[in-house]
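Some structures to go through are shown next.
You will see two complexes here that share subunit A, one where it goes with subunit B and one where it goes with subunit C.
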Partner chain A sequence: MTLPPFVWLILWLILSAPFVYIIGRIDILTDSRRNLARWLSLLCIAAGWLGLGRTLTAFYEAGNIDLINSATWTLGAITMRFDGLSVLMACLVMTLMTAILFYSGPYVGREEGVEKHYALLLLLTGAIIGLVSAGDLFNLWMWFEAMAITGYPLVVFYTHDRTSLEAGIKYLVQSSAGSVFILLGVALVLLSTGTLDILEVRAAIDTTVIGTPLWITAGVLFIVGFGVKIALVPLHTWLPDAHAQAPSSISAILSAVVIEAGLIALLRSLSALAGAAVTWGGLLIGFGLFNIAVGNLMALRQRQVKRLLAFSSIAHVGYMILGLGVALYVGTEAGAQAGFFHLLSHGLMKGLAFLAAGALLYGLQHQLGASDDSDPGSHKGLEIDDLSGAAQRYPIIALVFSLALMSLAGLPPLAGFMSKWQVLMAGAQAQDPTLLIILIAAALFSVISLGYYAPLINRLYRHKPAVAVANGRTIPLSMTIPLLILAAAIVILGVAPMLAGQLTAPAAADLLSFITR
Partner chain B sequence: MSPLQLSFMGIIALLGVGLYALLASRNLIKIIIALQIMTKSAILALVVAGNATGRINLSQSIALTVIVVDTIVAVLALALVVQIKRQTGHLDAAKLTDLRH
Partner chain C sequence: MEPSLILIAIGAPWIGAVVVWLIGDRQPRLQHLTAAIASLVAAAAALWLLQPTFWGETGKVVLRLPFGAFVGDMTFVADSLGVFLAVIATTIGSLTVIFSQGYMAGVAQLGRYYTLVLLFIGAMCGLVLSGNLLFLFLFWEMTAFCSYALIAFYNDDPKAVAAGIKALIVTQLGGVGLLIGIIVAAAYLPDLQISTLLAAAGSLPSDILTIIAFGFLIAAMAKSAQFPLHIWLPDAMEAPTPISALIHAATMVNAGVYLLARFYPAFAAVPGWTAVVIAMGVTSALLAALFAVFSNDIKRVLAYSTVSQLGYMVAGVGIGAIFESQFYLFSHALFKALLFLSSGAIIHELGTRDMREMGGLWKRMPQVVLPFLIGAAALVGLPFFNGFWSKELLLETALESNPLGVYLPLALGAAITTFYTARMCRMVFFAPIQHERTADDHPHVPLSMSLPLALLALGVALAWLLAAPFVSWMWATLPFHAEYILPHRAPESLISTHTLFAWSTLIIMSLTLVGLYLGWRAGATTAASARLAPRIGRIEAFFNESAEAVSGATRQSAALLQKTQTGQLNWNIVGIALGLIALLIIILQGVL
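Up next, the complex of A and B:
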């Protein structure tokens, strides 16, 4: 039996994880100072890039962006398909994971449980690529759970820290309650069509099924279930805690990839319920506006840098689902492409922002810890005020951090501006008065967001360095280089947004293929 | 009343009990039990759906997989609860408020 390259890629990432753990464990027990687990996981990711290269070559050669003609692998009732959506997410997750593995070396250092952390990162990569190439609804749920299960121990990396434990249990309880709703939705689809394969479900729908209460209930259950993971607004309460308490490298992965993977899973499951696309589009637009409003307003009153970034993730999820909702609502490819472009650029810029904040935290950690002897069990967060004048001590980190923040705020010529602009323009082309009001509100909230990004940049550049900053520790090169690469990517995508088209156009065509059937 | 309707009532009742327990209890172990009850309602729904559409083999294998995944989640959750008890000395979800600001 020949396996398509993308299955090899997933298998490789998942099967290599236990070896990384075992060898890392032996390395720790023999008390060497080589940090084998990190080098081994970098090696595994490098081999993964070869697999991804093969996959992409096969994908672009075949030119089959559509789900129907995509590379397929079937085993019994399990179907895996690698299509346009999968390409986008697979490239994003591999890029960020490589940056993060380089970065984690000094950042996580030799903390307790570091070998588990590397093995889990590999598993998470495999689970996300599996999730985005799942071809049937139950398989989708299983990969989704695999992603969630690898995520919990990563959030609770500091197992002796009370706040991490609190964030972890909140995340676990809310996320597993959400997955119950997804399963109920899967059961309803099975009941009304007798199959779970996404293509067969689509084909099995005759027009009488669409719009029946059962069908709508299934879709709503999917939105609620996956909505917990992508932090749709009433279900978002776990996100700021989990993203702020995890180590910064993990926050970057959670914010930049995991919520996006949840969004792709939601789109996939809704794409099976085609026909009611206008309903789902309207719902997504509504949730999008809620997310933009709540995320931006809550971020305004945060004092902690990582909590602020976490709330800004909620707002940015809003822009993504606004674009994708417009695409489903009016059926334009421009909207879908804009939504996916924002997904890509948010992944890069939020990853960069969390990593840069983590680098500053790494530099200042010892200084900050000294003033906080009352509660030694708690990893103190980085407050905005702690960063006074950091640009003088850490000019490069401050520069890339400001670039990421300006891109998140949507200032030209950075990637965040181009993607937000495309989302708004795609919506405006629909010529719908209600939609226009929503878009104007979204644009105004984008201006409000400057109200919390600008003071941060101001702190970095226009204040006298605090004592803690002046005595901060040097940040090693292996943390700086991944940051510079991500920053370059943001600038390049901002100047030449058509470069992203290679990834976003197939995804958009793939998403729309089910509406215009 | 048809068997399908009857089993639907069972599913909704189980889900309702689970959701109520999830929202009303403060003890972390009881919260995890509530999650388990909710998952059981989903498993029942899958088996009922498979039975009604003649795909009982598919839904049985799905149900087994869900039970395995569910156990992994429960083990992880209980490990977290043990650690919370060690660090804070209590199991009260309402007292875990370090992050509320």
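Up next, the complex of A and C:
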């Protein structure tokens, strides 16, 4: 039996993880200073890129000829399907993961448990690519759980820190609550349609009328269940804690990839139930508005940089599901493309923002915690005030951080501007008055967001540096280079938004194929 | 040829911006030089575009870059409205950059300063030359960002930072109007070209056209600092003075007027639109002039004067006087930049902006007195400076089209303008010396500062000669506007005894003389009129307080929301459960 390339990719990432752990462990036990786990994981991700390259070639070569069959792989009851949505997420996760593996070297340094951290990152990558290419609902749930559980030890990486343990518990309990709902939803779908394969479910719900309340309930359960991970308001309460307490590289992953993967999983399950696409679309638009409002207003009150960024993620999820909601509600590809573009650009810019904040934290850390020596586990949060004049000491980091913030605020000519623009354009094309009011609100909240991004940028460019900044330590090149690459990506996607079409157009087409059948 | 000239006008400053940033703050001389060269190249390219062979009509795209389905084609058009503003942006921009060499000498973080200034000049050219609505919006936002970052340039000063953020948020609120207008237009039009909107305006559904028209109007209101969104401009005076001259007097604030003029043919028929435009312009012209009377900060006086003068242009667009309003804009850009830059030279020397601490500069700074007085004379409208012709032309048209609603208040405004200008000139130059810094009686004003002043003063004295060619240029290149450009006059009658002895002119001149006399008298005492001042101050404060109330309410609601983030796991789970129940109720009541 020949395996399609994407299955090879997933298998490679998952199977290489234990080796990275074991070799890393031996490395540490033998007291060597080579940091083998890091180099090995970089090697594995490099090999992963080869796999992804093969996968992408296969995907784009297949073109229009019977994509569904050529990209489907079945083993017993497990169906895997690599379509446009999978391509989009796989590219995003691989890009960010590579950046983070480079970055993590100095950032996590020789903290206790680094070898686990590297192995878990590889595992997480595999789980996410698996999640986005799952072809049946139960399998989707399994991958989703795998992602959640892999994420947990990463959130509580600083095991001696009480706040980070608390954040981890919240993350774990709330996401399990969510996944119970998902499992219940899966059961209801099986009950009403007798199948779990997404395509078959989609075909079945058009013909069966009796089970409608059952699968509608299932859809609601999916929205709530996945919604916990996506941080739909009011299910978002775990997110600020977890994103702020995790190491910055992990915050970047959580914010830039895990949320998005959850969103793709939600879309997958809802597209199986696309018989009620208008309802789902309406709900997503409503949640979108909630998220935009709550995320932006809450961020306005934050004094801690990473908490601020976490709330801004909630707001940006709002823009993504606004676009995707429009796609489901009206059935236009424009909305889906816009939503996916915002997903992509949010992944890049929020990843960059967290990594840049982390780089500054790395530079200033030994200055911030007075209790640093007595309690090595304490990781004091980075306050906005600590960043005064950071541009004096770290001009490049300050520049890329400002670029990320400007892009998040939707200022041109950066990716965030273009993707927000597309979301609003797609909404307006529906020519619906209610929707127009929601769009105006979304645009106004985007202006409010300047109220917290702009002061942060001003801080960075103060003339008089804060004491901590003046005595900050040098930030190594292996942390700076990934930041520069992500910043370049933001600028390039902002100047040439049509490049994103390569990824967003197939994803949108595949999503729409479920709605308009 | 046109495409490359347009690309140079936008691109040269941007390349310069990157180079200046790369040079780094250790070589300020090289930074000055690079910035000057980049802006001069752009100015040369923009001036080159003035040649009749390069004239392009509104609908005629000279440069088209495809940008994919969502964005449409990025297009540039070289018609008179656009090129004219690009010329202003680049020439005054380069004069400002040259002036900055003296003014900003020794200031830290020069790289950031020049990078932002150059970015701004490029973006401003893009804004006015763009033929695509999205790119117009994109450049619009870029200018807003540059303006904010430059107002807050002295980041260590909380006042500057607050002013910058205020400017950003107010102009972005306006930007939302523009954004909504554009996306609504895009939903009903085949593409995003400006000419498409102008051509198809009549066939759009009327409510849709109304949304677009008022959306654009809000944007113009915020950008051109018209009432009640003018509040950011006086605070923006925290910016370095060259920035006030360039961005907050000569270029960016004109973008709103440009927008209104550009789309006037499309929106003129929208019920109520012109009435609102006129009301907004007239109110701004009068109220801001009053506020200027009671300010003692020289830059604040000039800022309010800018709001007031922009009100004249906006009201001019409102009555359909496209040419007069654009000509007014041209004159104002020159003389207000001159006034700001010369006040900058004064502030640079004295270290204060308070006019009560000035006085006696007549003898101390002769290099600055003459340019400043020329600028002031143009502002007042003394013959035969450029301000005289543009004001008389605009008011003459106003008298013909709307004597009570527009002419009367604007004439009154002209009298108040003379009053505060005379008061300002007396307080700064001729009042007894109030300051104690007399160590150096004849301070050295470097060439880099006096040269731009001299050139601008020359422009102010002579720019009115361009009126007739300007009209023919507008006729030739603006097919959509043609019927609104001087419908009843020949271009030869503009600069002539016809204008000089028109009724309107005679009335204005007598009002000016009264204003000059009273203002001169008022300048003798530093205390403003005791009875009126507090009342005006209350009106002035009212607008700021309402804005603060809005932002306070936003913060309050955020604080209220913060209570929902308890951090307790139990409550979080309750939130999830409640969310599920609420959704089930909403959805299932429809199905069951």
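General observations
Throughout what follows, the second predicted complex is superposed on the first by the 497 of 517 C-alpha atoms of A that agree within 3 Å, B and C clash if a C-alpha of one lies under 4 Å from a C-alpha of the other, contacts with A are read in each partner's own complex, and residues count from 1 in each chain.
Definition applied: contacts are C-beta pairs under 8 Å (C-beta built on N, C-alpha and C of every residue); 3 or more make two chains touch, one makes a residue touch a chain.
Just so we're clear, the structure is a prediction, and the values are computed from it rather than from any experiment.
In the superposition on chain A, A:195 makes contact with subunit B only, while subunit C stays out of contact range. Touch criterion not met for A:22: it reaches neither subunit B nor subunit C. Residue contacts after overlaying the shared chain place A:431 against subunit C, while subunit B stays out of touching range. Judged by the touch definition given at the top, the superposed model places A:245 against subunit B, while subunit C stays out of reach.
Counting residues of subunit A touched by each partner, subunit B versus subunit C, the larger count belongs to C. Of the two partner chains placed around the shared chain by superposition, subunit C is the only one that A:464 touches, whereas subunit B remains out of contact. When the two complexes are overlaid on their common chain A, residue A:203 makes contact with neither subunit B nor subunit C. Contacts of A:488 after superposition: neither subunit B nor subunit C is touched.
When the two complexes are overlaid on their common chain A, residue A:162 makes contact with subunit B while staying clear of subunit C.
In the superposition on chain A, contact of A:173 is made with both subunit B and subunit C. Once the two complexes are overlaid on chain A, the subunit A residues touched by subunit B in the first and by subunit C in the second are 169, 173, 177, 241. Against subunit A, the residues of subunit C that register as touching in their complex are 66-71, 108-109, 112, 134, 138-139, 141-142, 145, 148-149, 152, 154-156, 161, 164-165, 168-169, 172-173, 175-176, 179-180, 183-184, 186-188, 211, 551, 554-555, 557-559, 561-562, 564-567, 569, 571-573, 575-576, 578-580, 583-584, 587-588, 590-592.
Taken in their complex, subunit A has these residues touching subunit B: 77, 138, 142, 145, 148-149, 152-153, 156, 159-163, 165-169, 172-173, 176-177, 180, 183-184, 186-188, 190-191, 193-196, 241, 244-245, 377-378. Of all the residues in subunit A, the ones that touch subunit C in their complex are 169-170, 173-174, 177-178, 181, 212-213, 216-217, 219-221, 223-224, 227-228, 232, 234-235, 237-238, 240-241, 279, 283, 294, 297-298, 300-301, 334, 337-338, 406, 411-413, 417-418, 421-422, 424-425, 427-431, 436, 439-440, 443-444, 446-448, 450-451, 454-455, 457-459, 461-464, 496-498, 501. Contacts from subunit B toward subunit A in the complex involve residues 11, 15, 18, 22, 28, 31-32, 35, 38-39, 41-43, 45-46, 48-50, 52-55, 58-59, 61-62, 65-66, 69, 72-73, 76-77, 80-81, 83-84, 87-88, 93, 96, 98-99.
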